[in-house]
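Chain nomenclature is as follows: A, B and C, assigned in order of appearance, with residue numbering initiated at 1 for each chain independently.
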Amino acid sequence: MFKKILLLALILVPSLALAEDAPPTIASNADAIALVQEHANYLWTLIAAALVFFMQAGFAMVESGFTRAKSAVNIMMKNLMDFSMGSIFFWAIGFGLMFGTTNTGWFGTTDFFLSGWTPDGDPWILAFWMFQCVFAATAATIVSGAVAERVKFNGYLIYSAVLCAFIYPIFGSWAWGSLLNGNGWLEGLGFIDFAGSTVVHSIGGWAALAGAMVLGPRIGKYGPKGEVRAIPGHNIPMAAIGVFILWLGWFGFNPGSTTTADKSIAMIFVNTNLSAAAGAVAAMFTSWFIFKKPDIGMSLNGALAGLVGITAGCANVSPSSSLVIGLISGVLVVLSVMLIDRVHIDDPVGAVSVHGVCGAWGTLAAGLFNMEGVTAKIITTQVIGIGAAFIWSFGCAYILFKLIHLTIGLRISEEEELIGVDIAEHGAHAYNDFVTK
Amino acid sequence: MFKKILLLALILVPSLALAEDAPPTIASNADAIALVQEHANYLWTLIAAALVFFMQAGFAMVESGFTRAKSAVNIMMKNLMDFSMGSIFFWAIGFGLMFGTTNTGWFGTTDFFLSGWTPDGDPWILAFWMFQCVFAATAATIVSGAVAERVKFNGYLIYSAVLCAFIYPIFGSWAWGSLLNGNGWLEGLGFIDFAGSTVVHSIGGWAALAGAMVLGPRIGKYGPKGEVRAIPGHNIPMAAIGVFILWLGWFGFNPGSTTTADKSIAMIFVNTNLSAAAGAVAAMFTSWFIFKKPDIGMSLNGALAGLVGITAGCANVSPSSSLVIGLISGVLVVLSVMLIDRVHIDDPVGAVSVHGVCGAWGTLAAGLFNMEGVTAKIITTQVIGIGAAFIWSFGCAYILFKLIHLTIGLRISEEEELIGVDIAEHGAHAYNDFVTK
Amino acid sequence: MFKKILLLALILVPSLALAEDAPPTIASNADAIALVQEHANYLWTLIAAALVFFMQAGFAMVESGFTRAKSAVNIMMKNLMDFSMGSIFFWAIGFGLMFGTTNTGWFGTTDFFLSGWTPDGDPWILAFWMFQCVFAATAATIVSGAVAERVKFNGYLIYSAVLCAFIYPIFGSWAWGSLLNGNGWLEGLGFIDFAGSTVVHSIGGWAALAGAMVLGPRIGKYGPKGEVRAIPGHNIPMAAIGVFILWLGWFGFNPGSTTTADKSIAMIFVNTNLSAAAGAVAAMFTSWFIFKKPDIGMSLNGALAGLVGITAGCANVSPSSSLVIGLISGVLVVLSVMLIDRVHIDDPVGAVSVHGVCGAWGTLAAGLFNMEGVTAKIITTQVIGIGAAFIWSFGCAYILFKLIHLTIGLRISEEEELIGVDIAEHGAHAYNDFVTK
């Protein structure tokens, strides 16, 4: 009746190079078992990739919700385009630099344009590319929030292409290249960054810092006497739902980094969840203590801080440690947001604090709370990795943003900023039927 | 070329305690097959947990969409925090009470702080915890809607901690404890509640009823002559998307409750979908008949009613029965919402009707439509379970809310309520750039 | 300690008809391997179905975001109900017509009301139904956008029931019937449409064209001298998030169409993503060239165009070809939207261009870029399929909409349209607390 069983036979059999009527043997069974496990690995890696992809929606909502109504169209365009352009540039260039064969340990030189794949070859490279592609785009999109409401759209497109093609993958090759064909110098030292507190989040966060510094603050953000003025977000529920979506996506981001469907993903799920929960709670109480009210923006960023904080160590620290890492992340993000504001760097959504600062903390914590014990060598290596990420990402991004500034211009005009970047750059309002202030 | 195959060998081999070059045997193959199936079970349980987690976003959107703009920040905070605090309290206390070893059948006494897990032990307890944690938080968040727009934030935090630490897990141990180390009295009677129409939804729904009763109605909800006044929601599309998200999450909630990746999940998916669809259609036509227009709020709640209604019986009733269960749920929810309004209990989102009433109906229906036949004993047991849930949850929650009321206070002041709970409790507007009424 | 292992044994053993203590044999191992693979297939098919279900939320958000605030309630109702009614009608009638046994090759005549399933039979039919049900509802919901803001609600309900019960499944049986018990004439010719560029998207798109033509344009859409007036959408971020959700859902739609968890899904994921990315980029640059600004609406529709365009060929074209297919889709959708507007067919969201036109293009491209070579026969067959879909869907839908028009009426009155379909049909505002224009 059902053609399913036939189909199943067709899947299992040719891959194992068995004639259809050859009886199974111990060896053919062992091969078939390995194949079924491989199928599960593909499934998990690709479902996880889909979850990480969905984080793009979360980032778009958080960034848009925490900024003004007059910038919402631009934010959606930036998020759509850093993923779309990012996918294409990571396909053409980035993936090869990150995971191609390398003799130097500094970048790969093969596998551009997915040339490592052939129609009759092993398709694992495609599953792996898909997972890594959504990671690259995550790094790119982190910057979007820090430069929101004032960056020129074409400048942003150039930046996000360069980040996905060069900045992110080159650092990535240092830490993760050996996951495919590479062999990075940082992983050679024993650097622990399981899912990318540094590789993804700090790289994005420090580039965000560079962008915010080169651009300068939004008009009106700091008063004539240097006082900090709040520019409140226009849609808090949207930002909150964005955080829930990011939390969901992190269940792909962290446990998916196994790229295998095995029992180890259970602890990674639990660690991810406990750290996020602890981050939200700690940030809420910290804000409550400082501002006398439990602050929604800080609490939401606290959850994200907890998620970023556990990303490096999610596979090598215990659930209890995850709770502690999350608690510290939640306190840290509040203090960092306040500090960055005090030095007059205008980061509208707190991207530098969440991704840069808590990414660095999480990477350190992955060493400090290592279940198999902590040594001076581990801590040193973690610090080297943290430092290398800062120098590389902040340095490259600073130069890149300055170059864009000096050539096509990085920032919209004052007049355009007052009208809003949506009208200036896209000729559109986000909320046509609503009366806005 | 790819290191995947090596990695695969590393996964399969050590778990099976085989030397790497030992040839496979029939016995080692049988062990490996069981292991691959176990991996699939982990995968499914954890993906399902992620889907159930996402229901938090759905609840936040439904509750916020159905209430006023001046309460949206508070609702996001409550939903973020009942999940975050809930995760931590369920980790510390609730899970042990629910699934720990018990001699009494009334609550467990081991496994607090996930102490049943050791780094070199079986990680199933972590996967299981993750799935159960998102269930506990679902029960907590159900209450949020019924107490919306007037509850004090700190009172709500206390309530949600107590529910996740005590109220929910103790009842849960009666019905589900044996899923791990427990042995509950209610499951001993043969109580059928596969995914928690009673354990999760009625427990949440009856606690919601207690909260709404202790708090009293929102200002202006009932006129001086007792007439019912509609307080319409501020964002219907948000509520609708929330319902779609909840429906999606239920594809984790119900079939995920197998915690095994086998063929039985197919029927559970189909049953879940048919009941939800039937609930939406039935509620729409019922509202059309009563109000002369097809009502959006009722239709959305009808879908949720169908989902709650099939939750108990999703694994032991047929697809056709699911359709009938959903149809009845859809009618029931409309009538219940009207009745609860008529007795002047102000439940802004219909949480008591959706989760309490339809949870009870679904639990009864799981007996009535049991595919293997229905007996007086089954029905009696279902009724005992339904009654026990009401007494336990309504009783505990009523006492708890009264205690909060008598100590730190449960309700914001009249003045605060008129300004809105967002400003009063969090010093924030949800929609800064919009002109609101 | 854990009851998991026991449970596992219970799953594997009875299915294999082994006594619990019978030692494994080579044959029993081979059977167990096939069973574990089958479990993975169920898992993947059902998770993919959940992702495709979630596209309903995406469609609701895109349609609502691109139209006016005064129609948002109605759009949510239409989307909730075309899925809910669609599920029930596809269960009762459509599935049997599409996949039931057929002697003619034109439609099936068995399996109505899921009668092919029995409690002790193979549950694959349930998993397969679930996946096909969400496909049918996708076809239905495509039309919703094209008829938005002016269609009568009861007329829409009738249309969506007929589409899910007859129009979609009958065409589906021609192309896909043999996936279960059927045997369609079009698949017999060798028609390539892996995941439904034609079967789902063009069928929906051409029905949308019929609906838009029978209804006529919204009041004010075309000026007295025939000039085209923009009616801008009311919530661009909502539309954008809807597109992200659709993109996510497509990771179920395309690779899920394997209904097997094997390695082939990797390429389908990559192809889907590259085409979507290329579509967004191409549409952005096309709109930038034509309108001098990068247009958000066109860019979002470009991503959808890329997704629709790759749906037919996702399993038989290479990643590089997918990029090309997506680029062409992105250009095509912009030109098509402009052309359809110029001939005064008012399609508020561009559904005809995205789903009809790019569905046809994608189906042709699946032949043109076929990895195993292209022949005149392949192209001819693809063109036959494209043409058959147009004739069948446009023809049936045109007659159906005309019949509704002539009987109960298809369009709300002019007065109702000016007030808004939300108030007219549902007695509700979407945004009660906001001041709208």
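Here is the rule we go by: a residue touches a chain if its C-beta (ideal position, glycine included) is under 8 Å from a C-beta of that chain, and two chains touch if they have at least 3 such contacts.
Keep in mind the model is a prediction, meaning the values are calculated, not measured.
Chemist: Within the chain touch network, how many edges lie on the shortest path between chain B and chain C?
Modeler: 1
Chemist: Please tell me whether the contact surfaces of chain A and chain B are same or different in residue numbering, using the over-half criterion.
Modeler: Counting which numbers both chains contribute, under half are shared, so the two copies meet through different residues.
Chemist: Averaging over Cα atoms per chain, report the distance between chain A and chain B in Å.
Modeler: 30
Chemist: Of all residues in chain B, which are in touch with two or more distinct other chains?
Modeler: Answer for chain B, listing residues that touch two or more other chains: 26, 29, 33, 36, 38, 40, 43, 47, 124, 235, 431, 434-435.
Chemist: Sort out for me which residues of chain A touch chain C in the complex.
Modeler: Listed in rising order, the residues of chain A that touch chain C are 1-4, 7-9, 11-12, 23-26, 28-29, 32-33, 36, 38-40, 42-43, 46-47, 49-50, 53-54, 56-57, 60-61, 64, 72-73, 75-77, 79-81, 83-85, 87-88, 91, 113-114, 117, 119, 123-124, 126-127, 129-130, 133, 153, 235, 238, 425-435.
Chemist: Which positions of chain A touch chain B when the two form their complex?
Modeler: These residues of chain A touch chain B: 26-27, 29-30, 33-34, 36-38, 40-41, 43-44, 47, 51, 68-70, 116, 122, 124-125, 178-181, 232-237, 240-241, 243-245, 247-248, 251-252, 255, 259-267, 269-270, 273-274, 276-278, 280-281, 284, 291, 293-297, 299-300, 303, 318-320, 323, 371, 431, 434-437.
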